[in-house]
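You will see two complexes here that share subunit A, one where it goes with subunit B and one where it goes with subunit C.
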Partner chain A sequence: MTVLEKESAIRPDALGIDGLTLGIGSGASAVPLLDGVTVRVGRGETVGLVGESGSGKSLTARAALGMFPRGARATGAVTVAGVDVLAAGRAALRDLRRTRASMIFQDPRAAINPVRRVGDYLTEGLRARGVPSREAAATALELLEQVGIRDPRGALRRHPHEFSGGMLQRVVIAGALSTEPDVLLADEPTTALDVTTQAEVIALLKEMQRTRGTGMLFVTHDLDLAAAICDRVYVMYAGRIVEEAAGTALFSAPAHPYTKALLEASPPVHGDRTEIKAIKGRPRSLAEAPSGCAFRDRCPLAGDDCAASVPATRAHGTSAVACVRPEEVAR
Partner chain B sequence: MTARTLAPWIGKRALGAVLTVLVASVLIYGALRLVPGDPVLAVTSGRRLTPDQITALRHAYGLDKGFAQGYLAWIGDALQLNLGRSLTYQTSVTSLIGSRLGVSGLLIAYSAVLAIAVGAGVALVSAVKGGLADRIATVAASLTTATPPFVAAIVLLSVFAVGLGWFPSTGAGSGLTDRLWHLTLPAVAMAIAAFGVLARVGNAAFADELGREHVTAARSRGVDGAALIRRHVVRNALGPLLTVIGVLVASLFVGTAVIETAFGLDGVGSLLVTSVSRRDFPVVQGIALFGVLLFVVVNTLVDLALPFIDPRVTVGGPRR
Partner chain C sequence: MTLTIPALRARGAKRRRRRPLAVTLAIAFLLAAAATGALAPLLAPHSPDATSLLDSLAPPGTAGHLLGTDSTGRDVLSRLMYGARLSLLAPLGVVLLSGVLGTALGLLAARAGGWVDAVLSRLMDIVFAFPSLLLAMLVVAVFGPGLTAPICALAVSYTPFLGRVVRSVAIQEGARPYMESYRAMGFGELRTTVRHLLPNMTPVLLAQSALSFGYAMVDLASLSYLGLGVRPPAADWGSMISQAQSAILQGAPGSGLIPGVAVLLTVVSVNVLGEHIGGSIARRGEGT
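Coming up: the complex of A and B.
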């Protein structure tokens, strides 16, 4: 019986974040960061998390590893493959990070210790888990081959600065997969790479994820990319989820004014050149967002009712949206 | 980095070091010539010398030759470890320095170990813990950096030697244990200022590494505690730390002049002080040359070690 089959008996979600609220400090000086964020990633599913800088995407992804900003208080629930992350102690968190969840960072050059060899990077997690170094090296070699590194044996002995950015991100992906995690947290994994390399790395990620049945939370600010590769997409604004939709539906029928505005603000890859409409104002963090709907000061559809309270998430077509008048949002 | 690229690079470094010593030696030799009037009379004033002695001295220091010729003769002798004879002790300068090197060398090593162990340790704890520990360390480092060694020496002497009587106030002792016991107060006095520098530079280096994304990434992989600090913080901060340590060890040599005098130790530093006051210029020249040599050797060794500590330090100049 394989590990996958054994777990299919219970088969909890790869990642479940439920009503996660995060803030630093207390009382008058408290700074809210996330408010009631709910994100679910099934096994083998690719889920996008989209939003502008400061919307809380990375905070949400890091919460899956139990990595919170210093002094932050979290309420709600975060589970990874059935493990309660918020209740986990130090040792349990360490085990979680070593076995169940792996993160892929934006810039591979910053995410790998520059003075250690690639082989050391790839085997560190395995060795920390008690895998003999010879065995860990064999695993690393196999993974490097799978992610398409030429001369994998030589690569183990080289240092990060001897690789190109794209190759190094492949090394990071190999490292993330070395522990056979239940969920991959990809935090803008291609933003630091050039466009052709991006496509290769995305293809590789999808391929590795598909063959292993790993769940993936794909954090990006690139709506088109998210819609193209994700089964479902969550759109975040100012520390809250404002829309959840299937990748395809997001494009054809955006349900939240913010999603629509984002789509209109990005140049189309195909078809006629249309005017790019910038969203007025600037992105808000949760701490400086207006009362009620956080987007209302930038929203063309906003009315008085938007200020009353934070709109509850409700179904609209195949999507779920936190807006009081999604029917007025037509593409 | 391969042996093929390494060998010429080491050669270049060594050549640079030799050139530095040569330039310094010209200055050291030239200082004697800059003395107004007759150098021998000026530096031996107050001493009764027969005309024969003066002629001998002028000849010995090449003062009867031109500058270039005189320098070449002097440096030629120096290369054969012949730095002339002391005017006071009437023995060869080389053996004079050599006989006192044991005490000074042990003192420098002792105080370097103290400063590095305590300084880097405090730096690491303050960088990792932050908060109150960091603030206490910052104040301690500022205070100790601002304390001149002679003040530290006086305080240590009055408290631990005179007041409590735990340590001797003078002499270097005999036998290793006794000698270490005798050298403890002077070593601490010298280490105090060095500690402050190391604690600050070390703190900055460790804090810098701690804030790097690769440390966060390592944490996200379940690497934590001592392994994280050792493998990803201390290891990466070694380069900047070693560079500072190199300069520090060389400057400890300069510090021996004050400390050895204060604690009545027969080392190279106290020899320098007495030789200056007695205008024993061959000895002063010899010690100055030795100091330059030590400084250059230590820093060249540090330079050579850096590519092994951080592989991005490219051998033979920038390459990226």
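Coming up: the complex of A and C.
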């Protein structure tokens, strides 16, 4: 056993989701939402979760906090830094959210109570953990400095509406890091921001994550962004993981027809102009997906064998893919 | 800010930062009414209960009786000043009691949902359907006249008035992303509700409370008018109006009209003020 393996045996993964199946209701009226989702985020690792709207990426991220839709039934395993989320009681879940896992939401303006001062927002989490108010204020000041807010002392006294979207997202990031979490769940943290601001916020996130060794699950629908910043990327379609690949490999060698179709559907910034190919049909939710492979009704390679059963995940090159004929995708 | 009654907001935006004249007048009137009530023993020219049959039904402007006298010769101005105490405090009691009850029940219904919500909502509907004055009269019939019983009765019957609004606003506000983000930060339902949801509902609470203050004042005055509220000879504006009935028929409307105008002005002032406060809180978070 190497030192590294020993280390990981003692300190479990920041986030481990294993075979998570989620559904609402029971019997004939049951609506499936997720099916056998497996996602792993190591410490200090950036992992992307990519998919269209409704593919279940946000549900998966929220599952790490034990936040399920009302009436949902979850099976499988979800652990955050070794803590079993599905088995955790209310108090344990609250504790988990306060200390081990933090979430950054899409729109910072919507994620902060608009009538409270930024200082209140940052210190509230700390004070809830029993940090004295003076100490909490000092920590908040330090955090604001670290995330690059000018005049942090004045910023503590300002209201959210006095900040730009990018600056406010920095405040939210500061808040998320104040608890020194093991895993950071970033749910499309830059979708609501300008492209230039987006780059700054991403750089900040990466920097913060690198210095603190926090694991990050980066949820996005931006495939290029995910490939650029993530060590590994999971591609989701209709409540299932269809491909897992290293960030770089995703571009060069997509192993799932869906991934390839997504790549072909986004305009290239460099090189020759090529025709953008739309994926025919519309995104399916798990509930309305066809039997077998959920993508088969939109897949150019689909055959009769795709309908037989949900393709098992298997290794293909450096990737893991849930497709019966990944060899044909590369062509 | 986030929440709110569109009418409040639209009007608020037009007013900008300067305090409108109507609000200034309303504040001035309420302060004056409260001050005269509090300082009545010092300010009142006569004892409110001193009768003088020789001076009865003096018209306003009579020397020594600025606002005239009533049918038993009591000084209307003095009674108006003393009457301010009960007439302002009793509706305030109703508003506070029903405010606490209504907010608590409304929040509980909204946040708990499910059968708790169903039961509480139906209960509030039942109370809401029951005429408040009738309930107050029943309670007085059981417990005898006095102010405590009608205040409690009115508070109960006003509870759904606030509770239903609180419930619907809390459901709407509770679905906002920031509530979810606080949940994701590991705050319990109680904490997010009390520290974040409730403060953000203040405009609605204030506006609604101001409305119910007006209703309570009129209802209590009606009870006094019916002889079920304040026990004579203690003065309050409602009983003053009631006791002036015969005088009005005798062609001396002053002793009835004056407390009536006091009730009217107070109700209007409170409504103007409540709406203004609601609007300015709603504006604060918007950064306009």
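Points worth noting:
Note that the second predicted complex is superposed on the first by the 321 of 331 C-alpha atoms of A that agree within 3 Å, B and C clash if a C-alpha of one lies under 4 Å from a C-alpha of the other, contacts with A are read in each partner's own complex, and residues count from 1 in each chain.
Note that in this section contacts are C-beta pairs under 8 Å (C-beta built on N, C-alpha and C of every residue); 3 or more make two chains touch, one makes a residue touch a chain.
Because the structure is predicted, anything quoted here is derived from the model rather than measured.
After superposition onto subunit A, the partners subunit B and subunit C occupy overlapping space and clash.
Looking at the shared chain after the overlay, A:Ser102 reaches both subunit B and subunit C. Applying the stated contact rule after C-alpha superposition, one finds that A:Ile112 touches each of subunit B and subunit C.
Within the superposed three-chain model, A:Leu34 lies out of touch with both subunit B and subunit C [touch as defined at top].
Looking at the shared chain after the overlay, A:Ala226 reaches neither subunit B nor subunit C.
Taken together, the two complexes place residues 62, 65, 67, 90, 93-99, 102-103, 105, 107, 110-116, 124-125, 128, 159, 161, 175, 179 of subunit A in contact with subunit B and also with subunit C.
Per the touch definition, subunit A reaches subunit C in the complex via residues 62, 65, 67, 90, 93-99, 102-103, 105, 107, 110-116, 124-125, 128, 159, 161-162, 175, 179. Here subunit B touches subunit A in the complex through residues 212-214, 216-224, 227, 231-232, 235-236, 309-312, 320, going by the rule given at the top.
Contact residues of subunit A toward subunit B in the complex are 62, 65, 67, 90, 93-99, 102-103, 105, 107, 110-116, 124-125, 128-129, 159, 161, 175, 179.
Residues 1-2, 176-178, 180-188, 191, 195-196, 199-200, 284-287 of subunit C are the ones that touch subunit A when the two sit in their complex.
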